[in-house]
Amino acid sequence: MNQRCNETKVMRDPIHEYIHVDYQIIWDLINAREFQRLRRIHQMGTSYQVYHTAEHSRFAHSLGVYEIIRRMVNEVKGLDAFLSEVEKIQIMCAGLLHDLGHGPFSHFFESILTPNHEQLTAMIILGDSDIHRILVKYASDLPEQIVSILNHSHPNKVMSRMISSQLDADRMDYLLRDAYFTGTSYGTFDLERILRTLRIIEDRLVIKESGVHSVEDYIMARYHMYWQVYYHPTSRSIEAILYAFFNRMRDLIVKNPRYLDDYPMFQFLKPDHEITLKEHYQLDESSCFYGFQCASDDEDKILSDLAVRILERKLFDYADFSSSDDYALMKLRLIDLGFDPIYYLYMDKAEKRPYSPYNEDTNLIYILMPDKTIRELSQVSAIVNAVVYGQAKTEMKLFYPKEVNK
Amino acid sequence: MNQRCNETKVMRDPIHEYIHVDYQIIWDLINAREFQRLRRIHQMGTSYQVYHTAEHSRFAHSLGVYEIIRRMVNEVKGLDAFLSEVEKIQIMCAGLLHDLGHGPFSHFFESILTPNHEQLTAMIILGDSDIHRILVKYASDLPEQIVSILNHSHPNKVMSRMISSQLDADRMDYLLRDAYFTGTSYGTFDLERILRTLRIIEDRLVIKESGVHSVEDYIMARYHMYWQVYYHPTSRSIEAILYAFFNRMRDLIVKNPRYLDDYPMFQFLKPDHEITLKEHYQLDESSCFYGFQCASDDEDKILSDLAVRILERKLFDYADFSSSDDYALMKLRLIDLGFDPIYYLYMDKAEKRPYSPYNEDTNLIYILMPDKTIRELSQVSAIVNAVVYGQAKTEMKLFYPKEVNK
Amino acid sequence: MNQRCNETKVMRDPIHEYIHVDYQIIWDLINAREFQRLRRIHQMGTSYQVYHTAEHSRFAHSLGVYEIIRRMVNEVKGLDAFLSEVEKIQIMCAGLLHDLGHGPFSHFFESILTPNHEQLTAMIILGDSDIHRILVKYASDLPEQIVSILNHSHPNKVMSRMISSQLDADRMDYLLRDAYFTGTSYGTFDLERILRTLRIIEDRLVIKESGVHSVEDYIMARYHMYWQVYYHPTSRSIEAILYAFFNRMRDLIVKNPRYLDDYPMFQFLKPDHEITLKEHYQLDESSCFYGFQCASDDEDKILSDLAVRILERKLFDYADFSSSDDYALMKLRLIDLGFDPIYYLYMDKAEKRPYSPYNEDTNLIYILMPDKTIRELSQVSAIVNAVVYGQAKTEMKLFYPKEVNK
Amino acid sequence: MNQRCNETKVMRDPIHEYIHVDYQIIWDLINAREFQRLRRIHQMGTSYQVYHTAEHSRFAHSLGVYEIIRRMVNEVKGLDAFLSEVEKIQIMCAGLLHDLGHGPFSHFFESILTPNHEQLTAMIILGDSDIHRILVKYASDLPEQIVSILNHSHPNKVMSRMISSQLDADRMDYLLRDAYFTGTSYGTFDLERILRTLRIIEDRLVIKESGVHSVEDYIMARYHMYWQVYYHPTSRSIEAILYAFFNRMRDLIVKNPRYLDDYPMFQFLKPDHEITLKEHYQLDESSCFYGFQCASDDEDKILSDLAVRILERKLFDYADFSSSDDYALMKLRLIDLGFDPIYYLYMDKAEKRPYSPYNEDTNLIYILMPDKTIRELSQVSAIVNAVVYGQAKTEMKLFYPKEVNK
C-alpha cells in the first residue's frame, strides 16, 4: 500500500502550484474511470452560467482536496503521533475520492436523485467499480476504511475531520479554487498560515491563536462566496428551470413509461428505480446536455420549451418574495399567459451562516490559546461571534418566465 | 445600431477584470443560441486532459477578444480618424463572433470536418441563424460587413488586422487566458503597455518603439505556450485517439450506411454530406462525449476500444520518430499484438516559429521608430531576429498503444 | 490651470497598473522638492521592521491616492453635475498633496511634533514653498482652495469626502498598497467594483446596493490590517524606543540647551520652538537615522543606548497589561536592573473598530437601495452591524527591555 | 552549529510566501547590526527614482537568497550525497551574508569606493564585526569557510555555484523580487520548476531537459529586466549626478583637506585612505542623504548645485552618443552656459547579453538530456543560442543638464 512512484509525479495547478503524487495507489485512483468521469461535471453546478469563467470541474477540486490533505499529513506538527503511514495514505485516498458520487450540476442533482452524493460515493467505493478493484489490490479492507472516514464512523475522528468539518480540506480548496476561477477576490485567505498554525490535540484539529485572523478571514471568505457567488439568483434561476425540466419528465413517464425510450440517458428517472453504478457512471453533464438537445425537439411543448431554455440560457426572472399573496398573484398571471405554474413558478429560500457553533458540536473550530487552554472560535473572535449571534441573512425569491414582464 | 444599453453591463473576468458591454447589439449577440453553444466547447481542445484546470470555453475567450477590441477602439490614440462609430461596432461584433464556427475539441475537428471553422463562422453569420436575425435587425448589410472583416476582404484593412494578424486581439486574449487557466506563467505579457503604444499609421497597426520590449515578451510568450502547452505530446496523443475513432466510424459507415442510425449526433459524417447549420449547432463536446458513451458498447471492437480509451483517458504512448524504419518496426509490433496500425499508429509533426516575417507579408508587426520611420519587428529586435532566422524547432513523434511496451 | 501634458504621462504602479498624469500642474507638483521629500519617509512608519518588505514610501502612496481620485472624477457616473473641470483638478491636487506634512515614521512623529501632519500640510501649501509657487502660477486662490478641501471647510462637501471619509481614496489606496507590500492577503478588496457602484447623491458619496459586499470586504480588510499589521506589537515596540529616544533628547536639552549643537537635524526639538518649513523639509528618515548614528556615540548612556537599539533593532519585549500591579512590579524590576523606567517602560493601548457610525456622522458610508432610499451601511449589512455593535477589541501592553527576562 | 530554533521562525515575504528559519545561527546573523544595516540600502540602487515602488532593500533580497538556498539544500534531489548538514548550514550562511559589503546605491558605489563589495563582504566576515563574533561562536573556522564559498576558492564547487553562477540563488531572487516591486511582468519565471528539475552531477548544477523552457524563460527575464529596468537611462542619469557629486567632493578635498570637517559621513573619501569597518557600517543611504542635505548649503556652487539636483531629482537629460563630435559639441555648449563639463557631462555605455557562454566557462548552465549526456544550454536551446550568437545590444548615451535644451 505504501508503494511509492519511481519519481514524484506533479500536475500544475494554479491554486497549489503543483499537485504532488508520491504513492502509486493515488496515481492509479486518479486514472480510474470513475475518477476521470469527474472531468465531465462542473465544480460549481450552474454558476458558470453566471461567472462565465467558473468552468472548472470536480476533477480539479478533488485533486486539490487531496493535495491539502497531503500537505496536512506531511506538514502539520505532531501529526505523526496520531497517524501511521498507512492511515496517512488512507486519508489521502479518502480526500481524493470524497466527491465520486456527485451527479451533474453538483448539489442540484440531489434534489432529483434519491441517494445523496455521499451515499453514492460509498456505493462506488464498496461496489463493482474500477476504484474498488484498485483499492482492494492494495489492501482488502481499504474500501471499508475509506468509507468509514468519509461517513465519520472511523474511530480516529481526526481523519474524518480533516476532510469534513467546519475547517476542512474540502472547504479550503473549493473557496480558493472557486475564487480563482470566478475571478473574484472574495474567497481568498491565507492557507499557508492556517496549515502552519494547525495542531492536533486529542482528537481535534485546533488552530494556534496566532492563526485566528487567518481563520476569521476564511470564515468571511465563506460568507462572501455564499452570498456573492453560490447563492447568486441567476444561478438559482437556472436551477429552477432544470428542476422544472426533470419534474416534467417524471410526470410524463408516470403517464407513459415508454417515454424514456427516447431518453436512454435518463433511465434513472424510472419510478421506484434505484440508480445502478453503470447508470451513474454515464450520468454526467455531457449526457444531460445531449438529453436536453433531444428534448428540444420533443412533442411535449412544456418539456421542449424547458430544454430550449436550458440550452439557450433563457433564464427565469426573479423577484423578492415577501408574502403568500405574491405567490398567488404570480400564479394567476402565469395561468393567464398560458404557463403551467407547476413548472413555471418556483420559490426558493437561501439562508446561510458562514459558521454555526450550534448544531455541529463535534466539528467546530477550536483555538489553542497561549495558556494552552482550548476555546471554541466564536468565544475568541469578536467578528465570528458577531456573525454567529447576529441576525442571519435570509433571502426568499420567486422565479418565473421573463414573459411575465412584457 | 448604435443603441446603447441603459447601463453598461459588466461580466467579471479574471483576465480583463470585467467585460464591458455598452451596446444593445452586443448584448443580444451574447445571448444568441449559437453564441451560447460555445460554452460547450473547450477553448484549448484536448489540453484540459494535460493541464487539468485548462477547462475554459470558447465562450469565455470570445468575450475576451471582444473586450480587447472594445478597448482598442476606445483607447488607441488617433483611431477616430480611421473608424466611424458604426465601424467600431462592426469590428466589436466581428471580434465577438469570430469563433462561432468552431467544432468540438477546437482545431482538432478541422481534420474531421470539411468546411474549416472560418467558413462555418461565415455560414452561421450569413445563414439561417439567430445570430443572422439579430444582425439584420440592426442593419441589413451587417452580416456581410462582418464576414468581410473576418475574411480580410473588407476595404478597411485595419479592421481585419485588429482581429487577425501577427499581433491581434485573438492571440492576445488566448495567450493570457490560456496561461491563467493552465496556471503557467509562460503566456504573460504586458497587454496594457501594448495597448498604450499601439498606433494606426496608414492602414497598419504599429507599435511605438517604447513598446518593443512588450512585443518581444508577447512573441516569447507565444513561443513558450506553443512548446510547453499547445504542442504537449500528451495532448497530441489524445488527438491521435480521437482521430482514429472518427476514422474508424467513417470506415464502418462506408461499409454499412445504417451504422449511423445508432449515432444521431454523428450524422455529419455521412459521405458526401455537407454539414447543416442545425447539425453544427448540435455538434458540441456534450454530444460527442455522449456519442463516445454509446460507442463504448458498440459491437465493433475497434470502435468501442477507442471510445473507452477516450472516456477513460487511456492514452497512447509516444516516441521520437527519426526514420521510416521506426515506423515500419512499430507497425510490425502492433500487428503482432493484434492492433490494426491504420487506427493504432499515428505520426505527427509539430513545427512552429512564434513569428515569421516571410509568408504573411501584410500582417506583420511594425514598429514606429523615434524618427517616425516604420520598421518591421525583426529588423528592430535582436531577439525576434534570432528567433526568425535561427533554426526552427521541429518535433516528430509516433503515437501507439501503451500495450506495446509491456 | 487645465493645461494638458503633450501626452499622458504614465508611471508603472503595481496597485493601479499605471498612474496617469494628464495635466501639467500635476506633473509639476510631483516634481516639486517638498513632494520628492516624501520618498524619504516610509508609508507604514516602523512596520517595515516587522514586515521586511513593507518598505514603500509616502511618495508612492500619494501618487496612488491621486490616481484613485483621478479615476473617480473620470469614471463615477453623474459626477459632472457636481464638479466642474477646475474643481476636478483641485481635488486631484488635494489628493496628491494630502500627506505633504508627514514627518519621519509617519504617524509616530505626531507624538513628538506639535503641529499635526494636517496642519503642516496646510503650512506648506500656503507658505514659502515650491508647492505654493507652482499652485499660484496656475491660479492665485488654488492654495486656499486645496487647504479648504483638505480641512473639510470647502462648501462642496463631496470634494472633501473623496479624500477623507469612511470610504475615501486615501484609505482605499493604503489598504491595497500595504497589503501588496507586506505580502499579506488581508487588505484586498474589489476597488473596481466600488468605483463602479459609487454614485453622488446630494453631497454624499453613496454605494449602490449591488456593491455592498465589496464594501463589507473593504471594512473587513481594514479590520484585519489594523490588528494583523498596523497594531503589530513589534511595531509598537519600536515606536516605544523611538519615543524614549526623543523624550531623553528633550530632557537633555532642557538641562543644557547647547546639547543640540551636535544634532543640527534635531533643532525642531528646541523648547517653545515652532518648526520652520526649512526644518520640516530637512526632517526625513535619512536625517533621523543619521542623527541616531551620531547619538550612538553620545556621552549620555541612555541616549546612546536607545540610539543603538533603534539602529540595530534591539527591540523591547512586551507583555499583556492587566492591572496597575503589573506596571508597578515591572518598574521595580527595571530599577533593580539599572534601567530608568521613565525611558524604559512604556504602556500602550490599541483599540480600533474598522468602522464606527457614532462619532463621524457626516462622513459615514451610505448605501443606495433598489427603492432609491439611502441607508447607512450598518443598517444594511449584518456583518458591519455586528462589528459596530459588538465588543470592541482592545489590547493593552507593557513594553520593556528584553534584559528583564534574562 | 546545527542547533535548531525551538520552533521554525517565519517571515512573510511576497516572493517566497515565507522565509523559514530553522537554525539558531541564521536567526542570530539576521539580528546582527551589519546585517540590519542592509535595511538602509536600496536593492536596486537608483531605480526607485524611475520605478517609484522599487523601494525594497538589500535586507529583503538577502533573506530571499537565503530562502532559495534553504530550499535547494532541502529539496534538490540527490543533494545529500554532496553536502553534509554542516556544509548545508555554511552555504545558507553564505547566501544570507553575500551582500554585506554593499555600499549606498548598491553597485554605483563601487565606482567611488576602492574595495569592491565582495572584498568588503569578506572584510566584515573576517574582521572585527558582530557577524564575525556570531560565526566563531558556532565554529572557529566558519568565517573562512564562508568567505571561501563566496570567492569560489572552496574545494566543493557546488556550494559556490549555488550562490554565484549563471543560474544561482542570487539572480533568481533579484529577478523575481525586482519584478514584483517595480510592478513589471518582465522578470517572472517558474522558480518552482527550476528547483524541481535541478540536479547535481559531479560538481555541477544541471537542469533536467524537462526544465529547459523554464530556464529559457529565466534567461529572457534577465534580458528584459536589464534593458527595461536596470539600464533605464533615467536611472543612469541619476548615477551620473551622484558620480559628479563625489567627484567634485574629492577635488575639493584635494585642494583643502579640511573640507571634510563638515562632512563626517564622507570621511572615507580621504585620499589614500582605506575605509574602516566602522566607516563602512555608518555608510548607508541615510548618511549619504543627510550629507547631500548639508552640501545643499555648501559655499561651493558646483557641489551645492549637484546636491540639490540629487535631493530634488532634477535629472540630467540624455541623448544617443554616435560620434566624438557629439561629445565635443556638447562640451562647448556647456561651457557657453557656464557649466564645467568635468562634472556636467557624462558618457555611459550599456551593453549586456543575458547569458554568455564564452568567458565564464566554469559557471555555465548545463542541461541533463534524456540520454544522460550533459550539454551546455546554448547547444540545446535555439532561443538562447540566438541570443548568444546574435548581435549584442549596445547603447551609448551622453548625459547633461536639462538647461542645455532651453
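Letters A, B, C and D mark the chains as written, and numbering starts fresh at 1 in each.
In this section, a contact is a pair of C-beta atoms (placed from the backbone, for glycine too) under 8 Å apart; a residue touches a chain by one contact, two chains touch by 3 or more.
Please read these numbers as outputs of a predicted model, since none were measured by experiment.
A count of C-beta contacts for the chain pairs A-D and A-B puts A-B on top.
When chain centres are set by their Cα atoms, the one at the greatest distance from subunit A is D.
Averaging C-alpha coordinates per chain places the centre of subunit A 50 Å away from that of subunit D. Centroids built from CA atoms put subunit C at 44 Å from subunit A.
Centre-to-centre separation of subunit A and subunit B, using mean CA positions: 32 Å. Residue positions of subunit C touching 2 or more other chains, listed in rising order: 17, 184. Put simply, subunit C touches subunit A in their complex at residues 184-186, 188-190, 213, 216-217, 220, 223-224, 227-228, 382-383, 385-387, 389-393. Residues 11-14, 17, 31, 33, 36, 39-40, 48-49, 51-53, 55-57, 59-60, 63, 180-184, 265, 282, 284-290, 293, 311-313 of subunit A are the ones that touch subunit B when the two sit in their complex. Residues of subunit A touching subunit D in their complex: 10, 17-18, 192, 196.
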